[in-house]
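In this document, chain identifiers A, B, C and D correspond to the written order of the chains, with residue numbering beginning at 1 in each.
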Amino acid sequence: MADRRPVGFGDPDGGTAAGPATTGTATGSRVLDDESMAHLVPERSKRGHKGSFGKLLVIAGSIDYAGAALLVCRAAGRAGAGLVTLAVPDSLQPLFAAKVVEATTMALPEDDVEEVDPEPALAKILDHDHDALVIGPGLRPSLATADLLRLLLTTPDEPPEGWPEQQPRQGAEPARSGDASPVVLDAEALRTLASADSWWTRVGRQCVLTPHAGEFARLRAGSGHDPTDDGDLNTDDDARAAAAAAAAGEWKQVVVLKGARTVIADPGGRLAVAPFENPAMASGGTGDVLSGTIGGLLAQGLDAFDAACLGVYLHGLAGDVVRDRIGDAGLLAGDLPDALPIGRRRLARLAERGRTGRRLGFGASRVAGAADHDAGPTRPDPAIDADADDPGGAS
Amino acid sequence: MADRRPVGFGDPDGGTAAGPATTGTATGSRVLDDESMAHLVPERSKRGHKGSFGKLLVIAGSIDYAGAALLVCRAAGRAGAGLVTLAVPDSLQPLFAAKVVEATTMALPEDDVEEVDPEPALAKILDHDHDALVIGPGLRPSLATADLLRLLLTTPDEPPEGWPEQQPRQGAEPARSGDASPVVLDAEALRTLASADSWWTRVGRQCVLTPHAGEFARLRAGSGHDPTDDGDLNTDDDARAAAAAAAAGEWKQVVVLKGARTVIADPGGRLAVAPFENPAMASGGTGDVLSGTIGGLLAQGLDAFDAACLGVYLHGLAGDVVRDRIGDAGLLAGDLPDALPIGRRRLARLAERGRTGRRLGFGASRVAGAADHDAGPTRPDPAIDADADDPGGAS
Amino acid sequence: MADRRPVGFGDPDGGTAAGPATTGTATGSRVLDDESMAHLVPERSKRGHKGSFGKLLVIAGSIDYAGAALLVCRAAGRAGAGLVTLAVPDSLQPLFAAKVVEATTMALPEDDVEEVDPEPALAKILDHDHDALVIGPGLRPSLATADLLRLLLTTPDEPPEGWPEQQPRQGAEPARSGDASPVVLDAEALRTLASADSWWTRVGRQCVLTPHAGEFARLRAGSGHDPTDDGDLNTDDDARAAAAAAAAGEWKQVVVLKGARTVIADPGGRLAVAPFENPAMASGGTGDVLSGTIGGLLAQGLDAFDAACLGVYLHGLAGDVVRDRIGDAGLLAGDLPDALPIGRRRLARLAERGRTGRRLGFGASRVAGAADHDAGPTRPDPAIDADADDPGGAS
Amino acid sequence: MADRRPVGFGDPDGGTAAGPATTGTATGSRVLDDESMAHLVPERSKRGHKGSFGKLLVIAGSIDYAGAALLVCRAAGRAGAGLVTLAVPDSLQPLFAAKVVEATTMALPEDDVEEVDPEPALAKILDHDHDALVIGPGLRPSLATADLLRLLLTTPDEPPEGWPEQQPRQGAEPARSGDASPVVLDAEALRTLASADSWWTRVGRQCVLTPHAGEFARLRAGSGHDPTDDGDLNTDDDARAAAAAAAAGEWKQVVVLKGARTVIADPGGRLAVAPFENPAMASGGTGDVLSGTIGGLLAQGLDAFDAACLGVYLHGLAGDVVRDRIGDAGLLAGDLPDALPIGRRRLARLAERGRTGRRLGFGASRVAGAADHDAGPTRPDPAIDADADDPGGAS
């Protein structure tokens, strides 16, 4: 195995003053609903080909957590991504090949059994053509994983530390802010960030972080906050919204704080809450489905906040579909991906009626009234629709 | 392979007088029905997360009996457990990884191919965070399996024999009565107990034993009883009830005597009989589904007797659902897990109507009448509802 | 690899005059219908356990023809067998383990990669508790396979040739006529027989041979007949019936000549024809499903001819169910097992009505009339019901 | 690894003047519809056996693109092929065995891990009994793959270059024009051709090429055309038709230019356009399903153009079936095969009504009117029905 330095985003020589982050303020969150989400559903050109709908690269899975990778891939496909590729350590590829029959697989170079070799792995990843990434679900905790994550996320003006003696290699440059594809960070990727100093000052990609309350608390602690100051992140909706908004502002990234009534916050101050409280969803693997859903939407070209909002919403609708069928317990995460298109179609039809209605001179309220399973007409939501500044690269 | 002493719970030097067990008396059993079972269904908090609904660790499966492990895991998930982990010998992990996509897997250290090394395996198991265990389905018969079982079940004041020369290792202490999670023992675990002297005097965990008639007879023989004294354990319901009650009393554990009209007995004298006689269920693997169901309910916090009763009942309802669809032959055990939520939902709705009804001033009979597919109103069942002494640790 | 003599059932030194076989005469065949088949469906005791419904051992599958083994196992389970075990060469066991989740697997000793070692394999098979066998689907053509088949089929009074120098080993005795379980012979097993001299004079088990027209012709040629004398075995129903009857009489075994309007013949002269002509069934693997179905019925205790007739009939009904759903092309053999219980239930209900009707004083015609999708009342069929001589061991 | 020359169909010493190809003229294309396609559906004899409906050999799949092979095989079976065999490099066979349970697998000899040895692989392929081939989906790009393809496609009067010193080996002769089975070329096979000089002058088999626009452009460039001269091959239907017709004429093969409104052209000038514009189909793996569908129809005896037209049409209908169920996004390619029989049955019923109608004296318009979901009666289509010259072997 190659000699490798401990993981660390921060400057090992100290001096990582993050400075006063421009914290987003939680001045009011919008509850996501069918109508506000409908117009986010990307229209799908009749002449589109699979490349038109985006390529997603998924870095996920290990021998202990193999299913997570499969859930991500299947969810991304059901969310409408054109092509999905799963990257795994070379020795694990036979385990994953053809398990999701539509996803291709890619072997990442190893320097030990089931352990990636970060630099050549990075080179292979950057050489692969993709529009978005999902990193983290089911990854094995290790220095190598953390190193690979750091290399993928850091900006080019902060060259990777630790290999100063190495010669530059083609294809191994860290991603550049301008051309780097957006990434969903989940699970092990979040745990890695939580122990990295001031990681948010060095990240050169648009990210969507999808922590549950426990992961969020660790990330906050890693940012120098006492998590207890955030209040009860499982049950207090106001506390959840405020904490997610503060974190999004500090980290300059979109934050999805999962749980009942999932919160989505972006660095520009946009804040949304999903209406779903479905105990059937409290089951292993449902988070993997969410990261795949958001990743699939990123690949289709949605911006990070929109992809996070719509992904959370479609995931919640899918959960409701399954709960309607089996009740509030016994849902398995593998039930969800196939239910994703049902919600998407519902929203797409609503959007289509909106477009038709407007063309015909009917107003939005008429359209919403036609969606008989909705609570009622809702106004177009300027808070969610409004353009925000690019929440992208920090520092 | 490590040198290893033959398995044995008892003191090999003799002197393990079990003494006259306080045998539970079968003074009358209750037949389980929708209403008595409905109120056992755990309410599911809308704000719950996957940790809220319990973590189950399953020690099951081998190359010859691989499917058993998968059936346990899938059943546990469908029974509502939040997280399920399957522990298997290291060399078998690739066989099981992602086969139940929502279950994670855990490699147990081996000292020979496909054979666990009991002590380090125990350490890894105890280091794993879980609320309940299922042990036995599809395990390979071996000294190592038996040793691991002994280590897991024995109480701390009876240190494992055979390794007196070893130094204490962190994490390898036998489970303590106070913090040890409850366990379902099935199949190979039962065969191991049947050949262990006075095992019930040393067990420091709450257990649910789920023998079929043949396994039960061997266990009884291992307890010094002539199984023929128990009568016909396949067809004589009175004999079955009496024998299960006697065994539960002697062993100080919950006993589920499987078969048509499954009997559930606890050491405190509670005795229940399931109403199901479904020949479609007489098919390989249905017992694995039962142990997973009970394990999933234990993980959700039900006490051992309640979990056993409700597990048997949901398992029986699932069998009826499948029989209604395909008839009384040709059921495959893999049909059952997906049918478990149907029964659970039915019971949960019945319970909900009960709660609503009472709030509104309607009596229980009114509620039961609303459940149109039930035979009719039944009185709340004090025999089953009554608290009993903790049936837990013996000796 | 062990030194091994070429395969051969016959005496390599000649002198195996088979003599003039008592050929069954095809004096008239009965067309199978719902009513005649209904009373063959084994009643299923409400108190039965999985052992009550039979244990089937399947010797099938290879790396090239892996799916065949899975189809056999799944079909047997859907046909109602209590337990199904798949025996495969040791190195292939990981490929098959848990692929049919309800079937257990058993490793047969090898003397080369993926190649069984016949004698120890036989010992392991005979040591396994089973009520019936299926041998052949997807087996790899090899001397070892042929040797194992010969050892399994030959009677004890004809000790295996070729190992005269060996000492007797416990458990390795050839099966005895009295206690040997019946066996379905298909595919590679039939090809082996076709090149064995006078194999039918040495077989000590009840067999059901399930050749298609091509395999049948090879078997006939191996019996010294010019297959062209049998006429067109694909399309001429009379020729098919006559040839099957003649072969059953000569071989003293039940013969199932597959194809459109499958023929079933036994050595005692019983002759039946299935009514099914379903081009959707002309698809790879449907024969594997048939052998599993018949094997599952043998394990449930039906005699060879009844199991063959009912198996062919249930298989045909399943094909009709699938054709009704998808049309006359595009059926995959894997569609069939799950459709088997549908036909069985239909027949079981018809039988139940018959029993009820008779008790109530209604005649059979009334019962058949109640089965609205049947062509009409049919008389009880004495030709099929009649007991015949045991078609068992030859010579 | 064997020493191997770079791939190349053309004479590496130059001089392969393809000459002025008889380019088919796109004087008008027909839009495929139910009626024109209905009469192409092969009638299925009630007495047919699996051999009657064709044997397909699929050369596809690699560790990175494993699912592609499975999609091809499943589609071919659902399209009605009698038997499907998947050939893969020896070391990958365990990955594919029993993944499509009805397909058998065949190991191709390797000279490196996961890399075929072209000559012995060719010998094994030619020794296998099959009626049609699919080559390309998911194949690993490599010299060995390209060599194998060249050997398979070249005609006997143009002996393979590069091994002049070798002695003739039985079974290793290149396929002869007279007896060579037709082949669908897709994906990696097309990329190989695109870099081979004048490949179309040397191919001795009837081929159906199934490029998408990008693959088509590369093939055109490889034929010496500037792809930009062909216009916009994604969205301009006239340009697509003209280019496909020109290519079919030059290459003397059937060309299927995939995408919305897929074009099918043959060298004789026949030109057809499918009416489907379904964005749900723009998803990874749908092309693999198409090549399997066409391959399955070739195996059933349709000529290359008819198989291509009907395959494209059934594939499109299947896509519409799935879209009707889930909407215009989220289709996974694995959804399609099971929907293929639905379209086939619809067409078969329409054809049956046509035959019945004609027998009864009703005209075609009456028949089409009975197909209530069709746009309306359409005239029999002479352009598509007309026999054309054998589009087969070039030069």
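The rule we apply is simple: contacts are C-beta pairs under 8 Å (C-beta built on N, C-alpha and C of every residue); 3 or more make two chains touch, one makes a residue touch a chain.
Just so it is clear, the structure is predicted and the values come from calculations on it, not from any experiment.
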Partner chains that chain B and chain C have in common: none
Same-residue or different-residue interface between chain A and chain D, half as cut-off: different
Rounded Å distance, chain A centre to chain C centre (Cα mean): 55
Separation of mean Cα positions, chain D and chain C [Å, integer]: 39
Touching chain combinations (by label order): A-B, A-D, B-C, C-D
Chain B to chain C touching residues, read off their complex: 63-67, 69-71, 95-96, 99, 212-213, 234-235, 259-260, 277-280, 282-286, 326-334
Of all residues in chain A, those that touch chain D in their complex: 44-50, 52-53, 74, 77-80, 82-84, 93-94, 97-98, 100-107, 340-342, 344-345, 348
